[in-house]
Amino acid sequence: MAKLTEYKDMSPRASAVVEGIAQARGIDPADINNVWKALARHPAVMEQFAAEMKAAFAPGKLDPLTKELVYLAVSITNQCEYCIASHGAMARRKGMAEEMHAELMAVVLAAQKGNKIAMAYRVPVDEALEEE
Amino acid sequence: MAKLTEYKDMSPRASAVVEGIAQARGIDPADINNVWKALARHPAVMEQFAAEMKAAFAPGKLDPLTKELVYLAVSITNQCEYCIASHGAMARRKGMAEEMHAELMAVVLAAQKGNKIAMAYRVPVDEALEEE
Amino acid sequence: MAKLTEYKDMSPRASAVVEGIAQARGIDPADINNVWKALARHPAVMEQFAAEMKAAFAPGKLDPLTKELVYLAVSITNQCEYCIASHGAMARRKGMAEEMHAELMAVVLAAQKGNKIAMAYRVPVDEALEEE
Amino acid sequence: MAKLTEYKDMSPRASAVVEGIAQARGIDPADINNVWKALARHPAVMEQFAAEMKAAFAPGKLDPLTKELVYLAVSITNQCEYCIASHGAMARRKGMAEEMHAELMAVVLAAQKGNKIAMAYRVPVDEALEEE
Amino acid sequence: MAKLTEYKDMSPRASAVVEGIAQARGIDPADINNVWKALARHPAVMEQFAAEMKAAFAPGKLDPLTKELVYLAVSITNQCEYCIASHGAMARRKGMAEEMHAELMAVVLAAQKGNKIAMAYRVPVDEALEEE
Amino acid sequence: MAKLTEYKDMSPRASAVVEGIAQARGIDPADINNVWKALARHPAVMEQFAAEMKAAFAPGKLDPLTKELVYLAVSITNQCEYCIASHGAMARRKGMAEEMHAELMAVVLAAQKGNKIAMAYRVPVDEALEEE
């Protein structure tokens, strides 16, 4: 299991990252998720990941819920239990109703099957698709 | 490379699947994608996949573009070239503008990183998340 | 693409491995598969892999075809095109009829789905299974 | 961890799936595996998976034990702990003796190596294999 | 296949990234690798990746060759042909002799095996390791 | 969880493997890692893995720490918790300081991103790289 560093014990560089996230989410820095407590010992990695997450979830053409669904789909495909738990919760907070979750699962599982079929039968990309 | 069976050479069971898909998409059965030409020799697998795809993309709470983005995200994560090409094209037809594609990539890549970080540091799921 | 070393140009250590495989299969060493031509520059890796393959396919409780089906199932799951092509051919030579191939695909795809479902819903192992 | 719904608390759609499986296995529906208790909240996904599993394991050219070995091989490759535990138990019930399990492991591990070698050296598929 | 944008046709944001990389490597921007030509249509993703690569390969405690070997090991594990080709070349330029390449392969393959064994037998982490 | 066989209860074949490893590491065979206790029921797999590990970590052109970093990088990529814990500890014993660990993480994460980018954009290998 990870060595978790609580907010009060973090280095200045790590605390600064946590404070930025806590402020954006409107929570107390002491209540930050475990992933940040685990990353605290490697502040450069932590800063890079925090900046990348912020940019990925910045307002844009895709709405916040769609982005969470995409994040969750990747996490299921990669079989990351922590991320499935945390981004599943995030998706629910941003509006993923039970029925949407079921539909997401149906698409994710169909995609898994499509992926393995394409590889197993060694299907070449259609020329028509290449021309697009 | 796959052995591709053209529509005119397919068994009745395989043709029936192709006709169903072609009708739903408003295309000529002879123009069906390679994946179905490759699957034609295994009609039971083909029927099961066609039915699963139809159910996954049936009208529901998630809109058609969101479903394509999720399918594409899974295909990128699984590194399936055929599916990235075909569902990338599908997503563009359903409205994925270049800017949305770039945002999708940013979320997919951030998720990849989050997944590997959670595993590398062996981060335990927060109790608060379990209670939800 | 790999740098392929033909049998006639191999080092003595690499030729010896190829000769052993060729003799066991009853083929000419010059007709050895590409994987061995690619491995020829790293004879220690080559010897280790050849020995491991020989041991894995040595006569035992599982019949030769079952072993090929297992090898093929792993290769599909790992999405290795070369191995799907070569061990698909091997399986056909050892008796995999088209109908068996279709059944294999059905089980492989069902397993993929079961695997992703178990992870996505974070299913704990049943106590009854632990006691076995 | 998954939210598990016990049989007595399931919706009619979910109970019907569980009853079908329980009858086929000759067990009490209350003793159904955790995976079905976890899926109960998404009955459409559950029905689809139950139907796919039933079709994949229907009597055919491959015997029931071979199918379990293939399922187990995929689960090991995908690193799904739940499926390794449950289908390992299933395989033992269908006749996988310890020696067969050891042979399965040897083939699975050799295949992993073969897969990574083929990719690492970027081995092209032999023309002779394409012609088959 | 990717749509590749040549340096002379890139947007100002994309050209700036390419110029930075070309300068650091002492090459002509027109000779930049395909991966950057493919990324040119998504300049934000491109900038983020270029910055992350620069930081990862900045002088530090690990020497440049060790970093390339680690990058190559990840690429082999993920089965990314492009990255195996490009970072294999990079590693050779930074001093990876054939013998070192063979040793790298031996460790990568042993790790693959260790990983699958640990999962297949569901090995719990030793308490002594947790205490460290 | 694995069925662990303690050293004192192992078969002669399994004990012999454990004794060889214990002697090489200068530890008591009773203190052997869990992975070997789990493998004890499959002595042939155990012997093969022990021999492969010994060969992979034999003195050579790459120093022992570099080999551990490569092993750890593969284990993170494959998301194997046991191997991350055990080879993380091994790497620390062989000299991986916290700063080196952070640099390793930065390279591993950059490689993950590079791998997914190359696949997502379907980047063709540069001709210049093929000629090398």
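Think of it as A, B, C, D, E and F in the order they're written, each chain with its own count starting at 1.
Following the convention adopted for this analysis, a residue touches a chain if its C-beta (ideal position, glycine included) is under 8 Å from a C-beta of that chain, and two chains touch if they have at least 3 such contacts.
Everything quoted here is computed from the prediction, not taken from an experiment.
By the document's definition of touch, common neighbours of chain E and chain F comprise A, B, C, D.
The most distant chain from chain A, with centres taken as the mean of CA atoms, is C.
With centres taken as mean Cα positions, chain E sits 27 Å from chain B. With centres set at the average Cα position, the gap from chain A to chain C is 34 Å. Those residues of chain B in touch with two or more other chains are numbered 1, 44-45, 48-49, 52, 55, 76-81, 85, 105-106, 108-109, 112-113, 115-117, 119, 122, 130. Partner chain A is touched in their complex by these residues of chain D: 41-42, 44-45, 48-49, 78-80.
Of all residues in chain D, only 1, 44, 48, 52, 55, 130 touch chain B in the complex they form.
Residues 1-2, 4, 31, 33-35, 38-39, 45, 49, 52-53, 55-57, 60-62, 66-67, 69-71, 73-75, 77-78, 80-83, 85-87, 89, 92, 97, 99-100, 103-104, 106-115, 117-119, 121-126, 128-130, 132 of chain D are the ones that touch chain C when the two sit in their complex. In the complex of the two chains, the chain D residues touching chain F come out as 79, 98, 101-102, 105-106, 109. In the complex of the two chains, the chain F residues touching chain B come out as 76-77, 79, 81, 84-85, 105, 108-109, 112-113, 115-117, 119-120, 122.
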